[in-house]
Every structure is written in C-alpha cells, then in structure tokens.
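Both complexes below contain chain A, partnered by chain B and then by chain C.
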Partner chain A sequence: MDLETGQISEDELDDELVGQKIGGVGITTWLYEAHKDSDPIVLGAGLLTGTLFPASALGVISAKSPRTGGLTHSPFTLKAGMELKYTGFDYVVIMGKSEKPVFLWLHDGVADIQDASEFWGADVWSTTDSIRKSMGDDLIQTLVIGPAGELGSDLAQICVNYWASGDCWGFGKVFGQKNLKSVALRGMGLLEIADPEDFVDQCFNVLETIKHGAFAGKNGVEDILTAMGEKDVKEWIAPFVHRHSACYNTPYPTNTFIYLDENPKTLTEPSEQEPGFLINDIGALLALKKAGLSAESAGRVLKACAKYGIDPTAVAEVTAKSGQKDLEQIEKSFADLKGPVSDPKAKKFSSWTPGRPLFSDFGLSDDSAYGDWWVRRQAVAYLFGIHPIFANMAPEISEELLIEMFNKGTGLTLSQETLDKAIADVCL
Partner chain B sequence: MNFYDSYASINQKLARGANLHYGEDEASILPCDSRPLRIPRIGVYAGSGTSHSWLWFVELFDRMLFHDLVFLTEDMVREGALLDLDVFVISGGDTIGIAEGLGGEGAGQLESFIKGGGLYLGSCAGAYLPLKSSKLHLDRFNFVDIKIANLSKTLPEIKRLPSKASTVYGCDFVYHPVREAVRLRLTGRKPFMSKQSFLAPLYGGPSMVTGRASDVLACYEGFTEKTLFLVDETLAEKTLLGKVAAARTDMGDGSLYLFGPHFEHPHFTVANHLVATAIFWDMKRERINRKSSDGEIIIEGAAKKKLILDIKREISNARIVSVGLEAAPVKWTIGCKTYEPEKIRVFLEAIWKRINRLERSGGVSLHKGADEQLAALAIHVRQILREMKSRIDDRLDTQDLAEDLFDSLRRLTMLFLQIYFDSSGCSRPTGSHILKKTFSFSE
Partner chain C sequence: MRIDVDALKCIGCMACEMACGYHRDDAFALLSSCIVMYRTREKKDYFGVVVKEEESLNIARPEGLEIRRIGVTEESSDSGQKKEGDASAKPMLLREPCDLCSGMKYGPMCVKICPVSAISLVE
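Let's turn to the complex of A and B:
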C-alpha cells in the first residue's frame, strides 16, 4: 500500500517463500528487504496465527526503529494478530507518506485507505472508539497511534485498541511520519489447511497436554512477576485486580485488568464506560513499582501512556530517574519526553517479553544460558505466530512440534535445517 | 455421483449442445420419456411480499447449474415477463403481500403462463397463493381446488413462538403447528416414482387437502428430533399427518406443483432432487422465442476489476456490521412477517459467496447502467446498516431503517444475482480452483 500515491497492489503468497522463510518475521524481514528503499512498515501474521494451535495470537510489525536505526520487530497480540490473518492479508507492506492523515481499513480481502483527518490529534482511546463507531462494529481491532506518534516522539508506541503493545522501538513515530493514524482490522474469512482433521486433532492434543503445565492455576502479570522473583507484586496490585484476560486462543491470561475508578470486586456492569485499565506490559509495571508508585498510581500512569500512545517502559524509566510521583506532572512530561532513556536491550525482538523462562526452567541450568535461548525462542515465536510471552512458559511447544504443525497445515515439508536457517536469517 | 452433480452434469451437457433424453445416460436420474431434454429458463420471484427463502431456490439452481435464471419483481410479472419463461417459482413470504403486489394483472399473467404450458412451483407462501380463497387479493388466484388443512375458526392454544405460530386469515386463522424438519413420504406418482420417505423443513407452509383434479405427490408422515411444536402435539398430528405436503395440478397446457414444506431448502438433498425432477419433467414443452437482450454489455479488464472491488468492499463492510447486529436484542415486523437481524446476512452471504466466482469469470454481463445501480444499492445498504448500528447503540427506534434495509437488500441481491447468472456463460480462466497449500484466506 503506497500512501503517497494511494496505489494498492496484491500478490499471492508463494509456497516456495513459505517453505524457506516459514512466516511471520521470516517473511516480514524478506518483504522489508525487498522494499527497503521505500522505508516500509511491514505487518505480518505468523504461520499458525489465527489457527486453533494454542497461543497462535501473534502478529508482527517490522520496520526500521527510530530508537536503534535498525530493522526491528514488534509483537501485537490480544485479538489483533488473529484479526490480521482473518482480513485475508497475511502480510501488508506500507510505503510512502500520505499527504493527509489516513487510516488503513483491511477487511475480508479488501484494503482501503481512508481519511483520518477527523481523528488526527485524538488520543488512542477516542480514535479506536471513533473508528469502531464509524465502521459500525465493536470487534474491529486497531493498531493505532496517539499524540506521541503524531508529534514525532522516538518513544511513540503503536497501541492495540486501547492498550499498550510490545512496541518498544518507536514505531508509533514511523506511523506518524507517514500520516498513518491507524490500521483497522476485521475479517470473517476461513483458513485453508492442508490436512484439517489431523491438524485440528493435534491442536486439541497439544492444548490438553500443555494446559496442565507449570503455569496451571496462575494468572496475569502479577503471577509472571512473582515467577520472576518479584515476591510482593501480587499483594501490591491485588486490591485493584478485577479480572484476567487472555489473548486469542492463549492458555495463560497474560493480561491483568485493574479497576481504578470503581470497586474491582463488583461483578455487575460498571457505571462508567471504562473504569480501569488492561495491564499487559510486565516490565513497565515492575519499573513503576520500583520507582515507588502505588499500584493505583502505576495503573493511572499506564493508562495515560496508552491514551497518549507512548512506550510505558520508557516513561517508567524516566519517572524512576526523576523521582517524580505526581501523576499530573508525569503526564505533562509526555509531550517532550526524550530521555535519558536507554535503548531497548534486545537487538531485534521486543523486550516486552521477559528475558527468561517463566514457570518452567526449559532445562536451562543457569541464568547465563538465558540470552541465546531467549533470542532463539522469540525468533521461533515470531516465525510461527505464537504469543511470545506464552512461548516462554510452555516448553511443550517445541521446535519439533512446530515443524510437525507446519507440515500438517501447509502440506509442505519443513526440516530442522530449514528452520535453523530461517531463525538465523531473522536474528542477523 | 450425488444429486447435485447429476443435475449439474445434465445442465452442463445441454449447455454444450448435447442431445440428452429423459432416463438415459446423464439423465438416468429422471423418469424415461422420449422427449429430448433442454435447459429450462426459470423465473424466480423476488418481488414484494417475499422473505429471504427465494434465495434457497437460487442456491439449489446454482448447485445444479440451472443458470438460465431471471429474477422478477411484481412489475416485471405484470408487464409480461413470464412469457419468456419455462418455469416460474415463488417461495416463502407474506402470501397476501405477494398477491397484493402482483394484483389482478399479475394473476392474469400467471394464469396465462400456466395455461400456455408453463410450470409453476410454489412453496410455502407460494403454495398458499393459488389455493381457493375468497380473501381480498388472494381471490384473484383461485387456480386450484385444494383446501388448507391448517385453517381454523378459532385460534388454537399457542405453545411457543407466537409471532410465527399463526396468521389472521379473514375471519379465520391459519396456524402453523410445527416448524423445522418434518418427515414426508412420496406416493409414487409421476414424476416422483418412488415411495421413499424423506425430510423437508416446514416454516409456515400449508398442510393440504386435495380434490380429484390434483395428484398427491407426498404426504406428511411424521416428525423428527428437530421438529419444534408450536401447538399441542396431538393437534399438530391431527393437522399434518396423512395430509398432503406436495401436490401437482394440471391447468390448461401447464401445471402447478405446490409444496407445503420448503423442498428447495439447501440442507435437504432429496427434496431438492424432487424440485429439479419436477422442473425437467413439467417445464414448458415448446421452446420459447426469447426477446433479444438489447442493451446487454460485457465488461472486462480494469472496469470489471473495479466493479467487483467496489461491490466486494461494500458487501464486506455490510457483513461486518450485520454480524455485530446479530447480538442486538431487536426484531422488526414488516407486513405480517417478523424479521430478526440474522436474516440480513442471508442476503449478504448470497452475494458474498458468489463474488469471487464472478471475479474469476472472463467478463461481467449486465445491462447498461446496472453496474452503477448495483454499486449505489450496495453503498445504500452499508449506510443503512451503519446508521442502524448507531441507533441501536443509542437505544433508538430502527423500524423505518429496517423496512428500507430489507427492501434494499432484496433489490441489491436480485440485481447482483441476475448479473452473476447472466455472466456464467462468460469464459472463465482455467485453473481457478487450485488448492492453496499455505494457510490462505478463502471466501
């Protein structure tokens, strides 16, 4: 999709490419390289995204990061990864800069560039509301920027619907530079699978096995943080927890919904339209806690970040360094928040995923082995479309199993050697 | 080979100019007869008073490759469009609404069509239409001496779904004892030669008592696990079992087939086969000299691509809104029929499932201006749906929108399907059904 000319063209996904690059970040990287001169943003679904395979929730954004200057990849989950797949477009290359603010509307095999002038300047929440209202559907998933992206902050984040995402690369700025306010996704298509019965049976078998894994009975960001050794997080946040929610088809609910403006113990419909916030950024929450904020204040900062469309981990770091605890002041600082903020630690994949195994040790004997293991594990998740946090909880989702699912699903043959090569290509 | 493939094979051979006879070769599925077979030209009534069930006929015809179809409104019937047809079908809806729409002029055209050798197939409302009646509008269609068995002076006690269970019929009530699948048995009368038992769904169609002039083709034999009783089970048995579910009556040189249940419903294979058999067996015997199709154009290349994309865009947008509406606690009464939000998508899906096939065709055949009309209607439908969603969210009334919506959906679907079937003769590129190996999107 060329935003400058308004031209849209479509290509069939080639079996040979799938056989070599698999999917997800393998193909977004290939597409990025092919269109590098146009400074593209590439959206992509993993090979298994949107299927019944457990945790097949991941979509990927690949682009040059304003923060590192290199090609990096950001995960998007909730229902958005699945919805991208169901729009009928596995990959979308967005090039050029639109003259006027626009949003992309991808639906059922149709790609439209639509005017977003009336949304420009609006925050993330009201933009998602406006898009859903104008298109007449509450299930539309949005990748959306707020004022931070429009104003060109290096810390601008592409949010998912109302919430934070794994974008720690400043991709919100890239959207803003292209005058791209949002990509809205909705599709009601079907997926073709080479051996559907066997594939679906195997998905249910895998689910049956892994749901009794080490994470069984655990919930939300607080149990993840506890597993990472942050023992008092659960008590800290407990008074505000309303519920936990999982991303598409993901057996562990990686998201914790807190109520800030109403009693979280209430089970009836809230009197306010949105009385709380969905926390999905583990690192940001921990950083705000370590900065000395109360759980309520941390929740309010995260909410303000999501509305403004700014990376909450970066905000948390700046807040911790400044010692600022006044919410109003923290929020005011968003407009010219520049640093000092350290670069994301990971080279290619988002540090949104904790840098270690969760609940299970994956057979790793000591912390020194985590680095290489983490990169490979994330590469695999980003290729196949597996929720990258869940990937670090479920050793049952092995490379061998994913190769088997590839073969059942596509009717092609993937070998370990080809997978190794695909992983190496995206880790370069 | 299943029934659909058998009829598709017959139609395909005939389209290629093959000389086929009843009961022989591909046509062995039909009773024997010395006549040669030919492709029937079928009119599908989609005018005022119809609900969505005419789309079931469309599905059946499409599966069996009966592609010489004409979609007709009441105006077209009144203006003589039946003269071009071998077969005319009317499915469900509001019988009185259909009769009123067609009026005396339409009734006269229908009578001439049948007497002139045409075949009329009526199911549900289409079956009530030609029965004897003194009721206003219906009294113009007294074509057959068949009585309604599910008619009562007093309204029986309704157990469930009151809006679907009865209709006022002058001073009487037509009541609908059951809904969903019922068991029927053939009588062995030609052209349905066997005495087999089969299923078909009943959605308000008649239980009939025939006179001597009519052949009983099938009777109600029993109920199924899916049968939903709207009145007391004993009354349902009394009203239906042993009564006529399908009858055939001669009229002049033509004939009428009346089906109480929806034999054309796409989930009922044997019943569908019987419809197709009736069509081939009793279609007009003389070949029609058709009017020339002046003003018909074929669009190809970029113009075709743009038209398809424009329609696809609007139908996709409309489907997305309509799925959301299905969770809304609303329904509308239009005429004497109740419409739920789920019915919106029946129309849209009839277009959606065919749009990619139209896209793969070599060209799109349509009358001049039909492309603009189609695009405008699709935009209108999408606009109404979005307005409807917005009003429902704000808890405002949507009755006026619903009336506009269902009328527009009917006209949109009718126009699209006419273009789709008219284009079926346009050459299609080969290899359009290659199975994709990757996890790809399909319509």
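Let's turn to the complex of A and C:
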C-alpha cells in the first residue's frame, strides 16, 4: 500500500518463499529488505497464527526503529494477530507518506485507504471507539497511535485497540510520519490446512500436555512477576484485580484487568464506561512499582500512557529517575518525554517479553545462558506466530514440534537446517 | 446433553469458537461457529460465551446463565437484568445450532480445546 500515491497492489504468497522464510518475521524481514528504499513498515502474521495450535496469537510489525536506527520487530497479540490473518492478508507493506491523515481498513480480502482527518489529534481510546462506531462493528481490532505518534515522539507506541503493545521501538512515530493513524482489521476469512486431521490431532495432543504444565493455575502479569522473583507484586495489585484474560488461543492468561473506578469484585456489567485498564506490559508495571507508586497510581499511569500512545516502560523509567509520583505531573511530562531513556535491551525482538524462562527452567542451568536462549526462542516465536511470552513458559513447544506442524499445515517440507537459516537471517 | 460454560473460569481465548468453526467448515474460520465469545464490552472487561442451541441462545455471563428463547421476546435471566444485545449476537440466529460435534471423533471440540476446563458436557 503506497500512501503517497494511494496505489494498492496484491501478490500471492509464494510456496517457495514460505519454504525458505517460514512466516512471520521471516517474511516481514524479506519484504522490508525488498522495499527498503521506501522506508516501509511491514505487518505480518506468523505461519501458525490463527490456527488451533496453542498460543498462535502473534502478529508482527517490522520497521526501522526511530530509537535504534535498525530493523526491529514488535509483537502484537490480544485478538489482533489472529484478526490480521483472517482479513485475507498475511502480510502488508505500507510505504510512503500520505498527504492527509488516513487509516487502513483491511477486511475480508479488501484493503482500503480511508480518510482519518476527523480522528487526527484524538487519543488512542477515542480513535478506536470512532473507527468501530463508523464501521458499525465493535469487534474491529486496531493498531493505532495517539498524540505521541502524531507529535513525533521517539517513544510513541502503536497500541492495540485501547491497550499497550510490545512496541518498544517507537513505531508509533513511524505511523505518525506517514500520517497513518491506524490500521483497522476485521476478517471473516477461512484458513485451509494441508493435512487438517493430523494437524488438529496434534494441536489437541500438545494442548493436553502443556495445560498441565508448570503454569497451570497461575494467572496474569502478577503470577509472571512472582515467577521472576518479585514476590510482593501479587499482594500489591490484588485489591484492584478484576479478571484475567488470554490472547487468542493462548492457554495462559497473560493479561490482568484492574478496576480503578469500580468495585473489582463486580460481576455484572459495570455502568462506568471506562472502569479500569488491561495490564499486559510486565516490565512497565514492575518499573512503576519500583518507582514507589501505589498499584492504583501505577494503573492510572499505564492507562494514561495507552491513551496518549506512549511506551509505558519508558515513562516508568523516567518517572523512577525523577521521583515524580504525582499523576497529573507524570501525564503532563508525556509531551516532552525524550529522555534520558535507556535503549531497548534487545536488538531485534521486543523486551516486552521477559528475558528469561517463566515457570519452567527449560533445562538452562544458570542465568548466563538466558541471553542466547532468549533471542533464539523469540525468533522462533516470531516466525511461527506463537505468543512470545507464552513461548517462554512452554518448553513442550519445541522447534521439532513446530517443524512437524509446519509440514502438516503447509504440505511443504521444512528441515532443521532451513529453520536454523531462517532464524539466523532474522537475528542478523 | 448440552454444553455448559462457566463464564468465571473462561479466560476469553476464543479457542472454543475456532474449534467449532473447524467442525463446521473443515478449515479454520469463525463465521459458522455456534459457540461464540461475546467481547464487545472490551473497555469494561465484560465478556462471556454464547451457545446457540436448537431453540435458545444460552448466554454464559460472569454473573450467571441467561437463556433467551429464539423467537420469544421475553427473556429469563437469573440475574434479573434485561441485557442489551451485542452486535455480534445478531448473526448467531442465522447459524446452525450446536450438534455436540456430531460425527467428530473428539466429541464436542469446544470442551476438548478449552485450556481451563470452563466448558463441559452436561445432562
């Protein structure tokens, strides 16, 4: 999609390309390189995204990061990765800069560039509300920026619907530079499998094995942080926890919804339209706690970050350094928030995923082994479309198993050598 | 026999919806599923599951089960509250009712795929 000319063209996904690059970040990287001169931003779904394979929730955004200057990859989950797959477009290359604000509307095999002038200037929440209302469909998933992206902040984040995402690269700024307010996704497509019976049999077998794993009975960001050694987080946040929820087909609910303006124990539909916030950024929550904020204040800061479309981890870091605890002052700082903020720790894959195994040790004997393991594990997750946090919980989802699923799903033949090369290509 | 959903156990992953779609279409798709996660109150974190049966829509809400008779305007709800219908509920009336995955070797696929055992088969 060329935003400058308004031209849209479509290509069939080539089996040979899938056989070499697999999917997800393998193909977004290939597409990025092919269109590099146009400074593209590329969206993609993993090979298994949207199937019955456990945790097949991942979508990927690949672009040059305003923060690092290099090609980087950001995960998006909830239901948006799955929704991209069912729009009929596995990959979308967005090039050029639109003359006026636009949003992309991808649905049912149709790609449209639509006027977004009326949304420009609006925050993330009201933009998602407006797009859903104007299209008459509350299930539309949005990749969307707020004022931070429009104003060109290096810390601007592409949010998912109303919530934070794994974008720690400043991709919100890239959207803003293109005058691109949002990509709206909705699909009623159909995904065919080469060997459906064997594929589904194996999905059930895998689920049966992993659902009794070490994470069984655990929930949300607070149990993840507990597993990481942050023992008092659960007690800190417990008074505000409403429910836990999972991204598409993900057996562990990685998201914790807190109620800030309603009784968290309420079961009926609350009258308050915006009673709380869905926490999915583990690092940002922990950083705000360590900055000395109460759980309620941390929740309100995260909510304000998501409305403004700014990386909450960066905000938490600046907040911790400044010692500021006043919510109004923290929120006021968003517009001028440039630094000093550390570079994202990882080079290619988002540090939104904790840098260590969760609930299980994956056979790693000590912390020094985590670095290389983490990069390879994330590369595999981003290729196949596995939720990157869940990938660090389930050693049962091995490379050998994923090769088997590739072969059953596509009817092609993937070898370990080809997988090794695909991993190496995206880690360079 | 019928499908029973414990909405409080449900983590909203939609695996049941996709599994049902597979039963209907022999491929992965959501359009024909007779079990659907309702998720239009996203900002409120208010979600549950709707199952279409032959004569009713069974709506498993966090506060309890609501049964809406198809073709009957009155509602019965153990919460006693009248609920506004979701946009996503409208096409439910056009879908095939649950057949407990008749002909599938797995039995009801939504029961088998649920990672937290929120869905069960009951008398």
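Quick note on the criterion: the second predicted complex is superposed on the first by the 428 of 428 C-alpha atoms of A that agree within 3 Å, B and C clash if a C-alpha of one lies under 4 Å from a C-alpha of the other, contacts with A are read in each partner's own complex, and residues count from 1 in each chain.
Just so it is clear, a residue touches a chain if its C-beta (ideal position, glycine included) is under 8 Å from a C-beta of that chain, and two chains touch if they have at least 3 such contacts.
A quick note: this is a predicted structure, and the numbers were derived from the prediction, not measured.
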item	value
Chain B versus chain C as contact partner of A:D138, first or second or both or neither	both
First (chain B), second (chain C), both or neither touched by A:D420	neither
Which of chain B and chain C A:E235 touches, first, second, both or neither	neither
First (chain B), second (chain C), both or neither touched by A:N249	second
Partner touching more residues of chain A, whether chain B or chain C	C
First, second, both or neither for A:E192, with chain B first and chain C second	both
First, second, both or neither for A:T51, with chain B first and chain C second	both
Footprint overlap on chain A, where chain B in one structure and chain C in the other make contact	50-51, 86, 136-139, 188-193
Complex contact set, residues of chain A against chain B	13, 15, 18, 47-48, 50-51, 85-90, 107-110, 112, 133-140, 186-194, 409-412
Touch list for chain B against partner chain A, complex	309, 312-313, 316-317, 319-321, 323-324, 385-386, 389-390, 393, 435-443
Residues of chain A defined as touching chain C within the complex	50-52, 54, 79, 82, 86, 125, 136-139, 161-162, 188-193, 196, 200, 203-204, 207, 211, 242-251, 253, 257, 259, 267-270, 272-276, 278
Chain C residues touching chain A - in the complex, by the definition given at the top	8, 11-15, 18-19, 22, 25-31, 39-47, 61-63, 79, 81, 83, 86-88, 106, 112-113, 115-116
